[in-house]
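What follows is a pair of complexes built around chain A, which joins chain B in one and chain C in the other.
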Partner chain A sequence: MILKKDISKRMMIFLGILLIALVILPHVSTLSTTTLFSRIFIMAIYAMSYDILRGYMGFINLGHALFFGSGAYIVGILFNNIGNTVPMFLVAIVITLIYSSIAALIMGKIVFRSKGGGAASVVAGAMTTLALGEIVRHTAERWRDVTMGADGLSFRIPPVFADRTMFYYYALIFLIVMTLILRQFINSPTGRVLMSIRENEQRAEFLGFDTEKYKLIGLQVSGIASGFSGVMFGVMNRFVNTELLTVQQTLNALLITLVGGTGTLYGAIIGSGFVNIVQSQLLNFRRVHPIFERWLLFFGAMYVIVVIFMPKGFMGLYYSITDKRKSKLQNQTIKETSGKTS
Partner chain B sequence: MGEILIETKDIGISFGGHKAVNKVSIKLEKGKLTTILGPNGAGKTTLFNLISGLLEPTEGQVFFKGTDITRLSPLKRIKMGMGRSFQLTNVFGALTAFENIRLAMQSKENIGFKIFTDHRKYHQLNEKTDKILEKVLLKDKKEFLASELSHGEQRKLELGMVMALDPEILLLDEPTAGMAIEEVPVMIDIMKNIQKSGTTIILIEHKMDMVKTLSDKLIIIVNGMFLTEGDPETVSKDPEVLKAYLGGGVLDELAAKS
Partner chain C sequence: MNIFVTLAINGLAQGALLFLLASGLSIILGLMGVVNFTHGTLFIWGGYVYIWVYTLTESFVFAILAAVVVTFIMGMFFERFFVSRVYGNVPAQILITLGLQVIFTELVRVIWGATPLSIGRPDFLAGAWDIGGVVIVHYRIFLIAVGLFIAVGIHLLLNKTKIGMIVRAGVQRPDMVRALGININTYFTMVFAGGAALAGLAGALYAPLVGSMTSTAGMHNQVLAFIVVVVGGMGSFIGSAGGSVLLGLMGSGVAWFAPGLATVANVGLMAIVLAFKPSGLFGLAVKK
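And now, the complex of A and B:
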């Protein structure tokens, strides 16, 4: 399933065409579509970072938004207080990197301490992450001098990011680079150990892996990616508020990975496209009927539909189609060879 | 007696008043294949759990190569050279057979926390993994997901994973459990080969006839307690052992003695 071999030639061609289409897109679409796609790219990385945890490590993090929201706050606070320059953007990236790895370390040290698995400890772990996320959100709300509390923080961004079309390209590059990095991580020896931990942590430990350390690394990588996507999100919106730190924001990542396919990495990109497009369409329908303002309602409905009809998301659907074709071929060859021997 | 690799001293554990393992003292000799034999529920797996660190004893101590390891984590024991398999098949279902063993090999070769190199680039690991797959007769199944393998194949895979770790001492919990009769000799051959390479093996079984030819020594556990030990010929003829296997009096006798 997840252990897909290297990309086929056909896939390369498809990706090439897709890339060209995405490069052309802002020149043939409206500004709002361009911005929507920037959002899709950034949210894809946010969701991908979540997939590393849930899909590859088997860890449910209900406080995942704390990395994302903090990234957005870090860049906003720096631009607001020190200066909206490109070097300051780079400083924001570095600070987010450090902040996320420390936050992940603290979170992991607390959550991963209780060993042994079991439903009770999974729930306890999830609850702890929820509480940690809430602590960060609460802090952001209370620290009014810097964060403007519940009003949210608006800020100016460096001129190079101001052009929507140019920003679209930055977001696209961000998507590609981060996807390659996270893909490399999943294919690294450490990534493989994480998958074995998802399958059976006790067994992984009996193979001689210090599972807690591996999980900490996984959470740090995921947290950093989430934080970076938060920085990009903040720059795109030129605004950050505590909503980016809420459980709802974590659930967005969950929904995107569910729709796209958990444990598939690329599912996050497809899921982000689907969810964001549906969400923006619903907002357009607001004029038709106020019920369309109830994003949460549709969120729930979409969740149910996916779980019932597409339990493995779009990527699962895709893999099952290609696998069927493959296993058909395999069956044929088995029949042929067994025909020869008998 | 040769060098002792593992020793338990009056080790015991109780679950809610029930003594699953009760003051068991055994010595396991280097280079030998020792079989722990006993009826269902005798406490064999629990004894393994105490030796491998999955459970902490309520009394007694465990020594490994002369060191008291009673309070050490399973991980530390593995790093010291202990390997174990599980009675209930315990493989990584969503990963391929190859990947299951490759991971064990990765651990053995101490690749460490690499995050930016591709796991497929470690050609040496891949070659060694292929060799193990060959040894456990799963070479043609290497690209199958572990969950797609038959029960017998999963047992072989499980064995392959501990073999890849190349431990000094191997704890095997009923490696033939649930296997089809015709597959059992294959498994025995594999174990013989491991033994030949110098690895110490402790085997849990409850099928007396299967282990008689294979083992250097038998240790009989009944009702959580050590009953007797010795070479397979003598022990298998021991009337007390036979009684234990037929169920009955011996349990009460043991209880009266202690």
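And now, the complex of A and C:
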């Protein structure tokens, strides 16, 4: 929908300042703020992976948490059973890559069967993915020998990741690298085809594209990115439980992309910052009134408010402001030139 | 042999409950094209209101009525203030109903606490018959009877009354119905609230069956109801009845022979139906 391929000079300067600020941040802030920002970075990638589906493919996946949670479980199980070393972390990354692409393939094969688009296929897709996510969650809950069931799995991490400040930098690098990769994907010809499918699947098919294949690729890329963010999330918390596989976890990603703006990719970063900061602030208020412990009440309210009043999110707001300014400038120059000629 | 009779009765009772949930969902989807994710929360509200009123008044009938009335009003509220703003926009509908679902499920936890509330069956339904070694629980028979009664009732309402005629016409061509001078928005609200009341009834009847009510039961049953809708065919009343019975019987069979596979079996059935007959087993041949 909205895609700025070339970043303007002003934007470059802004991003540079932002990067410097983020690099300095852990040295001037408290430990809890540093952890909050690490969380924001990781959740941003998770939400971005979701935005590829929701924003660029128009596909509502209610089982997306299965990639995220499984990534966290994979790294946890490996660290717990084989050893908490850096090579094991790399093995976890490779296994997550394989697992996510296979899971996405299976999910896609089931979901993308009903062709033609329209309301019916969106609905069937949402329900099927919801049920698939539930299967994975059930499996994790039942498979107590490996996953410790509903109690959750806590594990030790390699000493390299133990320092919170260092982990903050890893998370920041992870965010930058993944953003560049996903941006590249969206700007690639494959990404363009995905967008054309979102706009009109039938037409894309008539143009000779095997739409099912492209949708599968999109789902796989999204699943892998989500799995990676799950690995990072697991390492950050040193703990995994089935909470990460629930529908609620999928809804987190959905809310973040909604708040930030769907179909913008970068919106996920803004949304993740907003949602996570609001959440931690609300928890700080709980001494004022216990109602603030009920994060989900505010979470749900945010959903409804965003859908009704701000359907395009923060990025949509930003783009509408810049577009207005641009058209104003254009109008002015037109007036000036017409004034001169007359 | 005995076990099969017991399983069949269990399955039919489960199917009756599912039918109450799924029929509302299916008609709402068919008439308004709304994917309603508030159904699960209406279900647990029905259950909690039932338990609350039942422990206060000790009256089964009164508690059921209270659950139905409360969820009916909630349904009207949801439709009037939220869902009606996003007609025609499927993703927005999913999101807004999901948001309402999250809020109202959390409200249940605020009001009644997160721990499960236990509830017994009313005295006149508590017993069980023992016929030649087959144990038949009264309450399950009661559920099957209620399910049949509601099914026949909805069938008559849809096929023999003017209201039903307008609703059926609305499922096929809402714009045409509007062109004939009928204010279809009122019908939208009524159908949505009616579906909500059916979900509340299902929750109220579910609590005594299981013996307790938790705030997580909503999502689980809603997923089942959605599977029924997909399997039976969206917007088809017969489909949701047939799908409910099929899923109920399959659920009780799987629960007995392979308890770990319950969810897998349901999703597997849905995947097969979607693969070979995407419009559902009893799907209408209507394209919207």
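Simple rule for what comes next: the second predicted complex is superposed on the first by the 328 of 342 C-alpha atoms of A that agree within 3 Å, B and C clash if a C-alpha of one lies under 4 Å from a C-alpha of the other, contacts with A are read in each partner's own complex, and residues count from 1 in each chain.
Heads up, the rule we're going with is that contacts are C-beta pairs under 8 Å (C-beta built on N, C-alpha and C of every residue); 3 or more make two chains touch, one makes a residue touch a chain.
Please read these numbers as outputs of a predicted model, since none were measured by experiment.
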* Pick one for A:I256: touches chain B only (first), chain C only (second), both, or neither. => neither
Return first, second, both or neither, reflecting whether A:V275 touches chain B, chain C, both chains, or no partner chain.
neither
Counting residues of chain A touched by each of chain B and chain C, the higher count belongs to C
According to the stated criteria, A:F185 is in contact with first (chain B), second (chain C), both, or neither; which is it? first
| said: Per the contact definition in the header, classify A:V221: touching chain B only (first), chain C only (second), both, or neither. | reply: first
Pick one for A:M195: touches chain B only (first), chain C only (second), both, or neither.
first
Query = Counting only touches as set out at the top, which of chain B and chain C does A:L53 meet: first, second, both, neither?
reply = neither
On chain A, the footprints of chain B and chain C overlap at residues none
As the complex stands, chain A meets chain C at residues 54, 58, 60, 110, 113-114, 118-120, 122-124, 126-128, 130-132, 134-135, 138, 142, 247-248, 251, 254, 258, 291, 294, 296-297, 299-304, 307-308, 311
Chain C residues touching chain A in their complex are 29, 33, 35, 82, 85-86, 90-92, 94-96, 98-107, 109-110, 219, 223, 226-227, 229-230, 234, 260, 263-264, 266-267, 270-271, 274-275, 278, 288
Listed in rising order, the residues of chain B that touch chain A in the complex are 52, 54, 74-75, 78-79, 83-84, 86, 90-96, 99, 102-104, 106-108, 111-120, 122, 145, 161, 165
Seen from chain A, its contact residues with chain B in the complex are 1-3, 184-185, 187-193, 195-196, 198-200, 202-210, 213-214, 217, 221
